[in-house]
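A, B, C, D and E are the chain letters, set down in written order, and residue numbers restart from 1 in every chain.
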Amino acid sequence: MSVNEVQQNKEVEQNWEPKILVFACTWCTYAGADLTGLSRLQYPPNIRILKVPCSGRVNPQFVIKAFQKGVDGVLVAGCHPGDCHYTSGNYFTRRRFLLMRRLMEYIGMEPQRFQNRWISAAEAPKFQQVITEMTEEIRTLGPNRKLRDDQW
Amino acid sequence: MVDLTLEIRKTAKELLEKGEAKVVLGWEKGNFPYSTTPVFIDKPEDTERLIWDEYCINNLALYMLDYKHLDGKVGIFVKGCDSRGINRLVQDKQLDREKVILIGLSCPGMKDEKKAKELGPNADIPMAQKCQDCRYPDPVVYDVFLGEKQNKKVPEKIDTSDVEEMETKSPDEKYRFFTTNYEKCLRCYACRNVCPACNCKECIFDQTATGWLAKANNVSNNMFFALTRAMHVGGRCIECGECERVCSVNIPIMLLNKKIIKDINFLFGDYDAGLETEERLPLGGYDYTDPEEFM
Amino acid sequence: MKRVGVFICHCGTNIGGVVDCPKVAEIAKDYPGVVYSVDNKYMCSEPGQELIKKAIKEQNLDRVVVASCSPRMHEPTFRRCVENAGMNAYFMEMANIREHCSWVHASEKDKATEKACDLVKMAVAKAIMNKPLQKATIPVTDRALVIGGGIAGIQAALDLANAGHVVDIVEKEPSIGGKMAQIDKTFPTLDCSACILTPKMVDASSHPNINLITYSEVEKVEGFVGNFDVTIRKKARSVDMSVCTGCGVCMSKCPSKVDSEFEMLLSKRKAIYTPFPQAIPNKPVIDRDNCTYFKTGKCGICQKVCTLGAIDYTQEDEFVVTRYGAIVISTGFEQFDHSVYGEYGYGKYPDVITGMHFERLINASGPTMGKIKRPSDGKVPKNVVFIKCVGSRDVAKGKSYCSKTCCMYTAKHATLVTEKIEDSNVYIFYMDVRTGGKGYEEFYNRTREKYDAQYIRGRVSKVFKQGDKLIVRGEDTLLSQAVEIEADMVVLATAMVPQADASKLAQKIGIGYDKDHFFTEAHPKLAPVETHTQGVYLAGACQGPKDIPESVAQASAAAAKACGLLSKSEMLTEPIISVVNESICVGCGLCVPICPYKAIDLKTISERDHGKTIERLVADVNGGLCQGCGACTVACRSGALDLKHFTDQQILAEVNALCL
Amino acid sequence: MLVVLKAKLKDILNTLAEEYKVLVPAKIEDTSKFISYKDNVDIILDENVKLSPKDVFFPQTEKMYKMKTVKTSMELENITDEAGKKLLFGVRSCDMKSLDCFDQVFLTKGYIDEFYKNKRDSVVTIALSCSQPMQTCFCSAMGVDSQKAVGADVQAYDLGDKIGLEAISDEGSKVIELIKGQLTEEGAEVPQPGEFYLKVDADGVSEKLNGMFESPIWDDVSKKCLNCGACTYVCPTCHCFDISQEVRGENVTKYRCWDSCMFGEYTQMAGGHNPRPTKKERVRNRFMHKLNYFPDRYNMLLCTGCGRCINVCPVNLDITSVIKQIKEAE
Amino acid sequence: MKYAYFPGCSLSSTGIEYDLSTRETARVLGIDLWEIPEWNCCGASSGHLTDHLLSLALPARNMAIAEEAGLDVAIPCAACYARSKNTELAVCNSAEMRQEIEEVIERKYEGKAKARALLDIIANDIQAEVIKEKVHKELKGIKAACYYGCLLVRPLAVGFDDPEDPQSMDNLVKSLGGETVDWAYKTECCGASCPTTVPETGKKMLERIFESAKNAGANCLVTACPMCLNNLDMRQGQVEKTYSKKYDMPVFYFTELTGLAFGVEPTKLGLNKHFVDAMGLVNEVLKADGRRETA
């Protein structure tokens, strides 16, 4: 099913809201998201945060599975290199997702749909900014049809 | 194509007679002039079946997985890509280097069997795509060497012109290209079963209970299979091109593998899998100075 | 199918104010597996927890999902709650609909409710897949390490030692004592700092359970709670501590003089020195950078005069590896490098000094024996100007935070100037005066009234020399006019910052630190002395600007926490560790180099394979070492390695719960 | 015999297209299979398609029914194929014979597979004789007449530049009726097929295999097999399948999909036991099923000699050689 | 060493002696100054009061011309230097701003041509030895209070010296054989337009400068900004009258001192054009036998 614009526009009128899955590592980004809450920094309600112990736990296969299930964007976020609670988890994340991002872009996935950022437990404003920006970018891109398993 | 068939048979016969090897893996003629098929000789007199022609394209390294628990050695003829396959298995701890006697052959590049079928036997048949891109015709590891080496000037880096050309396309064009290809994929898993890097005991695609990939055949699941396998062999693929050769619906699988190889070279420094067995795998380690794009 | 109970918390109005909790509870009823769904004002309260326990029994629930605040806060609470009701603690799953939902989508109520439903749906999907897990036990080494020998470190060590645990204090300087040893008087009681510090230092040095490892630094920290293998670099002192009695002959005879860091370079010390007279251990160390013997190979007087032959130039740095059960970090603070404030002329005008210099000037054992003299010409200053918030509360050039202690010690300095120098005038430029401790406000008022210190509310724009006076130009915002004061001496109250190598130490130990490199506590209110790394505790200014009373209080708190850990020979560990499915594992070893804790290695197992017994390699995870990061599970292509409580199936279930 | 010029074939198909959904053998994305007819389609008449037409009758992924969980109960919803008759043009004798095998499996012995039956009844077939067998063909050795397909509604003959049509069933005569106008009556006889490259003699194989379960030849035969599923997925007669479901929140869709005896998971039992643990058992099972078990049950071979498995096998494992090995084994 | 030379409006009118002495000094030091053809006013203080884009575009045109000639721009006047440097930074830091500016001036300007303060070139680029070597007449008797003003060395991104305690002019005067004094009002503002618009405040600011220089023992002031020189030189008399003080401190451009030291005729440097008589001190210096034996 290659991309069919007709269905895409139809869905846009039905006040479609982008749905973004965020893999957040417990020690940094999840804590950063908590701090964003503590500081009452508002951001669009389009993300769903999935807690993982370390960004190193995020298997690229989860990302493809998310797109299959109809998610419009995926963000994998973790501690800044050097700050990982498990010392080296995010170094592997960096290697794996440097490759994965390029592969996804290579098969035609718009790069804005799949992003990776380092967000530490203290960077609540950065968390808010990343989420707001990503939601806007994906809103302009429209709903994601690529890799989507909508045969059922 | 220098004829080594006699030398091959003689070497195999010696190995079996002296009992150095319990079985010798080579090629024999199939039912058609363009088809050769792997053969497992364990009796000296059967070595007559061994041949060496321009269709011995199968990578025999993978069969060593069936001989893991054989008490005794195995003789195996290895071309350039086969020898990298052996290194792949040794590095993945699926093969004990001492258990195998490698008889090296310099490979002139094998012919394209599918073309031979179409054009008929007498037309001149082009070289298989995987051999055209070949950078290591001489085996990188062997115990015995037959014939002379070509010492061909090896192109410095893997040729990724087709990958670069694909990269210039727009997202929708790229997506359309890959989905039209993987729409026809039958999920017969021939590409997985022929790949020396896919040496798992039980593949996640054979464990439907876990829920990674449903058995339903649609383009979304086929893409999941393709991307996941590309990532799994990432940093370990020896560019032997067997997956593309055996695909029953002719999908250009190497386009994905070569993309990852190109990115690994660019991001983490040039790395050719299967040249030796000690160096750390690109995805098996990290470096503080890795490129930083996630700030 | 598992019977799931869903409990939606209002958290007063924190959640209920935005998310329509009853509606979420209603919708959750239709999720697969949910048999009981209810909302309540305060789930974490006693009645709330009772509600859960009752529901578990009456509805015989297999799983519980609590939608409330962040699991980082109340996951232990609700795990204990379900455990008391007889359910395995790991059958409880939380959905964060406060920090991640109601608090951040306050203006979009219906979208927030919809998001809450999705989060509950994900939690239910995950909970169904949860497996029962039991906490394992690992041994705890009954020995504590205190990094940093200031007042906080000493207090923590004393409390731990008095509780019967063996403690090692690692101190970078040749003697323990830290910054407090440099201070003269302490607010608000003005009792002499050395008088309250040195007795504790002596107690620490004489306590049978405490070992002082001074002039040493932490080189590497491996292992995990209960079993930290710490490599300590004992820098070469060039003095044999066992032989030396601290008689001090060598110090008196040593020819080469060096600016004394302890005295803030206001006076000299010898190349072989003890930082201050009451140093503990009171045995000298050779400063190899300034010792002529080490620079040119000549001299060697100290060796000659030492009757006991304690001097040993050939000493090398020594590395000692010891296993500890708990670590208390109390590395303290440093003064902010305020050279960025060129306008104050620090460094150009010798009479512009910092608070610590002033402490040394008024200290009886200081360079001027307690007489306040100007560093430039040694005269006794008449007009002394104090400038507060130098580097603090200044996002442009300095630090964004308030350093908490400057208001009080500047008031103390003002009092001491007025006491020690008759008819002296004291001016204090301030933005606010913060007196947040017991007796602080009264102390500040006394400084203003009794000692008539002139408090001028305003910033100083420039300090410049005119003749031998220092003109301090600023503004008085209360009178809204420019102010110029001819001062004899200017004292800058500089900001408090962590040690320069704080971030390196944090990375060695694996704890977090904030943008200013103060160490990050587990929770600012609920766990101020703990860190996210189990078994590592914080005390004193290394966690944030703090005065002595708070540092000591924190030190005792940290010691209490550490005692809690060390009191048991074993401790329960999180069961969230990786586990190998040996039937699938092919023994490729790709996971082994991934583990930062070296918890995975390959072992040989023998099994029946079609009538033959064969031996093969499989991966093996050491449950004790594994900390549950899960990086290895991604490296395992065949999915043989999985992380308990965050298994592939559980995460896939959460992802699938999102599907449209 | 009624005849039409090959050049005129498109008109015939267009008229048929008004009545039926016409499927023709065509090249697509450098492989070839039966696809729905449009005029820009690249029809192949000189050789058989690489992928058999079995997915018209037995699709690789076939939705069976849908379920919706409502509170604690559940609603069922059947899935019906889209209506409309299909016409399969250009089916070779070997593929028609495979349909015959499918009919045995899905329609006989007291069990009717509704899903298959609906599809089978809604398709009209126009078989096409082979003028020149491909290198890998050996249908005659399997008792298949390449010129006369079994069970076809219309039999077409490849007469070089013309195609002869002969209605067989009454459904077929209805088809001929439709296109009668464009046909001319010409005397032409059925051409004889060309000479087969692959020579194999299969009779007596089934009986011989009865005693050969433990024969050592299976070791040799299976050694080079990679256990991929390519042969079973291109084979027109292979009909093994698995049933699974796709869960979307409270909506569940049950579906049937191809599976292969070559895959280990196919015979994986609960508790971990696998009656066919290694590739030796699986390869043996594949040949025994085609040459022994199926003939026992339905007394016809489960191989129609189309040669696709030989064509696609990564290691050139050739069923004809296996048959020879069986015949020669003591 | 070749630079594009941007004199600016002051140096063609009120600050003519700055221009004369600059050319003389450059001649002696072998700096080739290529005056930018038809340069336009840099907008100085009025430019950025009215419109931000205007304030950037005005200097951008001059810089663009210099860039086409491949030259950096030597700018004596502090205000012109500050405006040009801001333009250069704006262009380098943001692509949109660069595009906007290029549209306005209808020329290409990529920020390759760098704005350089003349003082920075002479004091920092040219080695002290080279200057000393060129000194024909040491400035014995000069006790200068080097006055940088508030614009030349601030903010950090624009300035080329320590914003709180600049030393480059002091070092230059010392290498010319003169003495400098350490005083507090080096970088305090001279009041700029205040002496004309708000006279009492303006005069107070100037009085403080003179007072501090006097106390520090200086007998003259040296500056690099025509606006500062105007205020200090022209208004010294009024300040003396208002505060009944006697300063008579001549105010030099640093290029006048360099010219003098290099033996250039005082009148050629415009030394006779000052309000506060400068010739007295100049003649004293020339008489003092600081003459060097060499030519």
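Quick note on the criterion: a residue touches a chain if its C-beta (ideal position, glycine included) is under 8 Å from a C-beta of that chain, and two chains touch if they have at least 3 such contacts.
Only a predicted model underlies this, so the values are computations on that prediction, with no experimental measurement involved.
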Other chains in touch with both chain C and chain D: A, B
Between the pairs C-E and A-C, the one where more C-beta pairs touch: A-C
Farthest-lying chain, centroid of Cα atoms versus that of chain A: E
Chain at maximum distance from chain C, centres defined as averaged CA atoms: D
Identifier of the chain whose CA centre is least distant from the whole-structure CA centre: A
Rounded Å distance between chain A and chain C, as computed from the means of their C-alpha atoms: 32
Whole-Å gap separating chain A and chain B, where each centre is the average of the chain's CA atoms: 35
Centre-to-centre distance between chain E and chain B (centres being mean Cα positions), rounded to whole Å: 73
Whole-Å gap between the CA centroids of chain A and chain D: 45
In chain A, residues with contacts to at least two other chains: 60, 65, 88, 92, 96, 151
Interface hub residues of chain B, defined as touching at least two other chains: 180, 202, 207, 212, 216, 218, 283
Chain C, residues touching no fewer than two other chains: 583, 594, 635, 648, 652, 656, 659
Chains that touch, pairwise: A-B, A-C, A-D, B-C, B-D, C-D, C-E
Partner chain C, residues of chain A touching it in the complex: 17, 19, 21, 26-28, 30-31, 33-34, 36-38, 40-43, 45, 48-54, 56-60, 62, 65-66, 69-71, 82-89, 92-93, 96, 120-123, 128
Touching residues on chain D, where the partner in the complex is chain A: 61, 246, 248, 251, 253
Touch list for chain C against partner chain A, complex: 70-72, 96, 98-101, 103-108, 111-112, 114-115, 118-119, 122, 507, 510, 512-515, 520, 532-533, 576, 594, 596-597, 627-631, 633-635, 643, 646, 648, 651-652, 654-656, 658-660
Complex contact set, residues of chain A against chain B: 1-3, 60-61, 64-65, 68, 80-81, 88, 91-92, 94-110, 116-118, 146-151
Partner chain C, residues of chain E touching it in the complex: 162-165, 182, 184-185, 188, 212, 215
